[in-house]
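Read from first to last, the chains carry the letters A, B, C and D; within each, the first residue is number 1.
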């Protein structure tokens, strides 16, 4: 495959450029008989949508996903589900400033070197706009995971620049534009963003995402381990530069006697592993984390070159996020959902007949 | 695929259990006409091999890879290359202690829940022994990368427990059992490991790996980005819990004005991105890092359950590494090689005709 | 993958039901820099389109393909090309007769048994309407094959019921609604179809398709042989029940001394093999043939059951083709194009560096 | 993938050359808990083995398959099953006659054009020897199909040259070296082969293969239809030039009123479709047929060229089959088994939850 498809059994193939007529995707392999509506997709799309708060880009998109196939009389039929989102804010504008210049730290230069041609309008295919289709597909996956497997996924902002945030109330993460699960810190976050905007600069972020209800047994040794696929899933999101499972990089300075999650008939004593052992889910909560870089689309001018190789400068003046990580939580949730559902289906393809003599033990309480 | 295959165009499918008769792999898609010998594979295998120093497990394996197909008169023919490594140290022994007990933090429990059956001898398929086949396949990939694409790959130990290590001399990393590129610190590492062994405990590690000579253009948007595939590749290695590209998690507290790698006709000003922009190689040095957990196979007893669900304890007395990360450098190099070569071939499948008007600019000096 | 994707390097994923709002596809892996326009796609779509003559179904569809992504300023960019064809003739109608009854020899029964739900409107996903998207994607593939590889593809009607047809003038096949390459026989064909329609019955057909200009070397041993992939490609077309390469079933009664295509410095002496040896193209003309069954959608009543398992009868009264094979030529051409281009890209992924000492010898003249 | 892998969920990757040290394969995705032994594999391998009668090649191979991984205490574990068959008859011999000359109608020329290098010993990778690994893997698939799904597969010789054979007794096909299911014709077959051998010539053959017990629902629309995959499976066998499902090419001259398999509560009235409707199994017997060309390895000299492009002649004197089709029945059975099991697993990945209200109706009696 040429790179625009996720998954093996529950697959998502996306298309579309930032300023083309539409973006969309085809979902193949969805179990039949699942009730799904455009309104359900919309709920997730609205969470990712630009322009929803003053803390994110002011691009105005309805982001309304239309179901074009694969759903009949309100239920999935098992045939490909096609979702299309029109680019309503695709107004003609002046691209002369970016047409012949590479924005530093963007994909502009790499795309032109790869393909010898690029759609320079708003980043074309490399724009994070593409992630709207992931969120829409992820909404379908989340529905299937919830209804058929009892799995629930939720993410939250764990850090923005120097501000490290706790997880006091996971539900609260859906109630504020920061996806912050420590509501007492909201004003602090707002002040930080406002100061950043005055500086004309941007900042990185860390997003945590968890999945509860995953039974033991998902994940395929030895290359397609569940943790390896989650790492790919999260790293495939624009601006992500690091991924952790469970304790992540903290394990470098942990001892075995401290790290190992001991087991008892009542359940696991801890969850340093993040719910995955040997690449296979253990029945505990899946815990993953990702780091997003600060966008380089800032008003502070930066050195670059043009398509002729001449030195020049670039200064971004349009609508952009001071912290692109603030919109990444729904995307991380979507990618985790796509990964888990794909593995659920792969697992049962091979192991639907397995009779276990030992019931899964309880997951510890996180 | 059921999980034991890596890659799309240069693929590696591995087989074998820790204490079965042999392990091995099939490489498919290797370009023809490459000179390759068993001796070349051996050089890489020896670097990973157990029993080479007192700091790693004392299992004795020759780890001699035999080329069974795909090479004729010393050259690859384009047909599948099969490599087989006999398990010479597969002596009969007493498995009664682990037959019915799950080692905590190992794959034992997850495998049994997944498959309803498990080969308990030395971890069976979940053992890190499988990585020997990756190293052998990686040796082939490194040869092709060097000869046909001018790419060179090298890893080193960046941290072991509290000891953070620099990269003073990359070549030195191949001269000591720690893969340490700061030779002045070797005694310190030895002392740390010795103390750890006295404690009967284990420790985590961080490995860095770099690739030089990668041209711009490798990597497939949007899911099969080069960084996403590297993340999967490294996370698929036993014990890995975190992966970073470029500055990794440090980007969370970086500003855009600091992070962005500015460009000039003479080259890039910095390489915070680790050589990948928008998921596509930029022509700079590829930089990745991974965190390995401490092994839970230690002599300090740990709580666990048996296959009937009863509480019990486990204490590992056999040959094991106090720091499994010490043998991970060649594996990381192999996985990076497999990933890069696969993408080199995928890239040219689509883009062999591309005529670029702009020559790649220089990579900055790391 | 769940079955709706063709190819590995040049992939086509299709979606859409016969009476849903639209059908379409995503092409991934298309080489960049190819000029492509909606008008070019239209030329091929018009050849397959229903309602173009009185010999095929009178369903009226514009079959206008809209390019939604992957083409910028008239050229492919290397990113996914999305094509959408609206179902303009999707008027509300009375489906009560087929809602609860399985049409004999259609996919109705099999789909319901597989998925437990089916879109009964016009056959839903199993309708041959889906092949319009193949023709559109095939038009892109044919353009790339012609421009980058010098390959030309053409099909024609070789048999309809008892009427066996020659290939006097391949270009003529594009000038008549039968895709008949023996123009002197057109009246005979018309008379046959008219008589058939009076009987309310249908008839089978055989389509031949050839590709010229294919260089030696395309095709991947041992499973993904070029002939094996062509067989799958043609058999995946609705109503096809048989596929041949070269002499096909005639080889059963050929002797080795008769069948073998001897070689001389001036070229091959014959082409019994249909241009493929050992699964790899030999440089000769690729010759394939396929058999299409008569449609079971006829006005003569047939025994069947309803969704409750009760006996009933079915009689098709709507718009249908007396010989569905008459519209299959463009579809066969499209599938052959998709197969060849995919293999062209796969071949060069692995073998772009190969330097041959022996120039290809001449293909014999068919 | 580079072509040496079959399947998506139950995959087989083969390796090995005709005169290399060994051939073999890796099976991935096999359900766990299936009892399997080397003796069982042997039963199938013996049926394909050369040297078993005077009617086939006199190459002497033990063809003993060794299970190297994936089976523990006599049962499959769900991890990769590796099978290795040593080439015991790989004696050093004089290849000077074929080293620089292309055998007409063999893969020699195409391989050299593709890869720029070839293993000329006995055809190297393109030799039918590779099919021994398919038979071994097929034996595993047949065991799983029988035990978990109740499916049984059997093939027989349907035609050899001018001699068309019936199917009087399917079990008898396993009792004679021709796989003939019309035992009364055995002497006729023997006489034909003997006369052919005196002529120094070879002849083609047709093999039929059927599968009983396949439930409705296997097969993935729209490209990976069950019939399309069977077509690929059979066409991927050496020397096959045509494939039919059900009535095959006979449908070209059938009328819809004759061809359609009508349905009644008691079952289907006929099986012209060969058990597949719309690419999905209908619950009837799967019927497929394939045509094998006569081998061009005959003692009658044939014109060819050498690797320098000069005219020369080739005359095969070694051990070869006058009718390669005589050994193809077990291979066809194996490929059908691999295809069906793969689709069984793919089907349940997506549809394991489906609750059908209508029980499958009875298959007609063939």
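The rule we apply is simple: contacts are C-beta pairs under 8 Å (C-beta built on N, C-alpha and C of every residue); 3 or more make two chains touch, one makes a residue touch a chain.
Here is each chain with its UniProt name: A, B, C, D = Chorismate synthase.
All values derive from a computational prediction rather than experimental measurement.
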Any chain in contact with chain C (Chorismate synthase) as well as chain D (Chorismate synthase): A, B
Identity of the chain that, by mean CA position, is farthest from chain C (Chorismate synthase): B
Geometric centre distance via CA averages, chain C (Chorismate synthase)-chain B (Chorismate synthase), whole Å: 45
Euclidean distance of C-alpha centroids - chain A (Chorismate synthase) vs chain C (Chorismate synthase), Å: 38
Between chain A (Chorismate synthase) and chain B (Chorismate synthase), centroid-to-centroid distance (C-alpha), Å: 26
Overlap residues in chain C (Chorismate synthase), where contacts from two or more other chains coincide: 1-5, 8-9, 14, 29, 32-33, 78-79, 114-116, 125, 221, 346, 350-351, 354
Chain A (Chorismate synthase) - residues contacting chain D (Chorismate synthase), complex: 8-9, 29-33, 78-79, 148, 221, 345-346, 348-354
Contact set on chain A (Chorismate synthase) toward chain C (Chorismate synthase) in their complex: 1-5, 8-11, 13-17, 20-24, 26, 28-29, 32-33, 68-70, 72, 75, 77-82, 84, 114-119, 124-125
For the chain A (Chorismate synthase) and chain B (Chorismate synthase) complex, residues of the former touching the latter: 1-6, 8, 14, 102, 104-116, 125-126, 130, 159-162, 199, 201-206, 215-225, 227-236, 238, 240-265, 269, 272-274, 276-283, 291-298, 300, 302-305, 307-311, 346-347, 350-351, 354-361
